[in-house]
């Protein structure tokens, strides 16, 4: 037994080393930069599912760093299952550059329209996170309850698809509806969509992911607090100062969220 | 150590391959179609438990594709533990074709009665999901808060067993009670059962599973929203258009839910 | 690689067999019956933690089948970590028969007093499950919202330690306080303890475990429903008929809960 | 196969033994005491994340046992990922003794100021646990609902940074703000911070960890109970007696929480 145990000990000791060597995503040095962006996009899909912001539906995109007139978005599938092979590229009209025979999201126009309207935006998350639905259908204004969601101080407009197109199936199915949504979003980080969900934007994938997660948390905090009494929200000045401070904190959260996902393919 | 590490590396690299080869459910080509339906039924049992819609109780059935006068349903046990070997077949009176000495669910008449009354129904879920109980005992009308539960726009009647049989132990123990429940359900996708739970039907296992999961989510959304203010529900026209769109989205959720379960036996 | 993969395949194939052979609780046929009871008690400890009814505190006991004047209860420790070696035996005054140098629960008198007063009781759970605290401190009557908690129809009295002993540290530290609690419990299955928790009793370990889990669920259901509107509770007759039916359903839940724990030591 | 299975059995049997031998934190007997304190600090970081009190943000510190004018605190990172290598030492002005080139928490002055003001305090937790935010922004007084949070009877003051510094980014960025917070905390175990979070102190790491976890639970209990009716809180005398009893119970919870984390590095 001693000899076998020795071998087994060596084996166990080797596991971490072996795991770090057996990375399933080898990167050529040439395509390294784009690979890194696409890997972050895959992580964003998996993180949003892991954090409960997205279920089988919703999507997240990132603008192409080398060609700002294009963006990356998964083929039509559950975000929690996305791998690097599922990422497609689209132009700013929402047409896939090379669909490779794959189904595309009906609502890709959400992303296309926002990238058209907002050159500052590098990443977009569309989701149906439950805590935001209540605000979208009651018109209650979502406001920053604490510093970690201080970016909400910039405003959280509500888009109602009836204003743009009357009675619909609620989906942003074309560029006309995408433009109407982008117009309501304006220069804000977040817009709610009545009876549907939300769009959240950022100047990077981690920032957009951070914002939807803390928008969702803030919504629950605000619902809890509203039942206890009148709420003292962050003042506009506190919110602005705090939001400026927040960006430097995003990587701390991003590293934690990535660590929960582990290796991706 | 180097040589051993190499062997270990090969071993680790082989694991995914080995796993896919060791599938515990080999299927003969002859019984393939029925096998696929029964496997989906087992997945439905496990998914409903994994998604928190069902606990130790509740059940899900599917109509036999080859003989619409019969349906498949597990023997009496917790859905979260069901395997293919636990599936029995029943006739439309709720009698097991061949019980193989196994206990059957007391409330199998829920399924039998609905299959009798609704030729369009291929799958039935009966559960006690907590969020629906509150609606069943207060008479609050459950209505579609967002597009993912738009099928609720067709109506969500409440069955009260007192109307059919006075004071009981609350169970649907015979065909008379099953018929009374089926009558309240009518042509709707969902009926609540006062102080008990719900029945949800679909034209396939994935659709019925999707519907109970999103009925449950909608109930929580509606409870949250009701505390914030007056709710703007989907209009009847929005609900109808959105429900028509939804069916094409079901497979995306089904694949995600199955992936969480992994291999079944 | 082929040869090594073959060996690895054999190894993987052997794992289930090896696991079932390496059971850590071999039972001699002589002590089998008592062993089974103690194993069920260990499962009860672990299940109550797994189901969120108990955190680091709370405890569960079972009356000795062979000597009804004694009962089994863990030494003082977190229930989620209890193993068979941690079980001690006590007499009906709450004194350990052989403490083997181990710390005992301060509140063992809860169990002793109830076994003294209630010959029908075979198992007792004391816990601080959060959902019951709200009822204990507001005096809101906990009533059966649905059939799975119909046993609550027998009544859910509230024990206030002030009535028995004035200002205390809230613990049932002696037989006098134990008797006062047992008197409030009377012939009921459940008593709440103001600002503290609850006691739940059963004629077996699975029944007592079932009752605290569904008492806890019912409390949350009732809180949710109360916010929606006036509640139609089970009528006394419905509750009585349904409670009589429930006992046969307990094993289905017990098997599921045990399966989540796996092997115990 | 038999021979291989035998070897495999030996291998499996050896795993627990091997794991306990391959502890990644070998301790020299000289540095043993300090090592133990730092390991407890790492456990505290991981436990607070595991128990949902801390997300990517918040921090926990411990006073140096050998030099009470210094304290240990992680470098700036998510607490859920902290290892022994990430722990730095600070003086009571909040300056790192040897930062080793690593980023430090902006709000380390929370810890420094409290250790300056409170010689009795050995450990400090700063967090943004969601359930406490609602109390901090509505001014609702957090009071002990049950015995496990009886230490709250000593008082739960609310710090509003506007009183000390007007419009800010909400962070405790310097010793002036730290002093203002420590003054509001006074001799209490807990202070809420409006629109931000809380600080909780203890005479040991386990006590401080216990207190924030049960402060958080109490906040949820109080919110639930407040919706049901008028609450009977623990009386001041009950709270004092119960709090005195609680300290002996902390190790039971600490062992459970540690067991969920497993080995640390």
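Letters A, B, C and D name the chains as they come in the text, with residue numbers starting at 1 for each one.
One rule holds in what follows: a residue touches a chain if its C-beta (ideal position, glycine included) is under 8 Å from a C-beta of that chain, and two chains touch if they have at least 3 such contacts.
Note that this is a predicted model, so its numbers are computed, not measured.
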| item | value |
| --- | --- |
| Distance in touch steps, counted as few as possible, from chain B out to chain D | 2 |
| Superposition of chain C upon chain D: rotation angle, C-alpha, nearest 5 degrees | 90 |
| Interchain centroid distance [CA atoms averaged], chain A/chain D, Å | 30 |
| Between chain A and chain C, centroid-to-centroid distance (C-alpha), Å | 43 |
| For chain A, residues contacting two or more additional chains | 227 |
| Interchain pairs in contact, sorted by label | A-B, A-D, B-C, C-D |
| Residues of chain B touching chain C in the complex | 7, 10-11, 14-15, 17-19, 21-22, 55-57, 76-78, 80-81, 128, 130-131, 133-140, 167-171, 194-197, 223, 226-227 |
| Chain A-facing residues of chain B, complex | 1, 4-5, 8-9, 12-13, 144-148, 150, 217, 220-221, 224-225, 227-235, 237-238, 241-242, 244-245, 249, 252-253, 255-257, 259 |
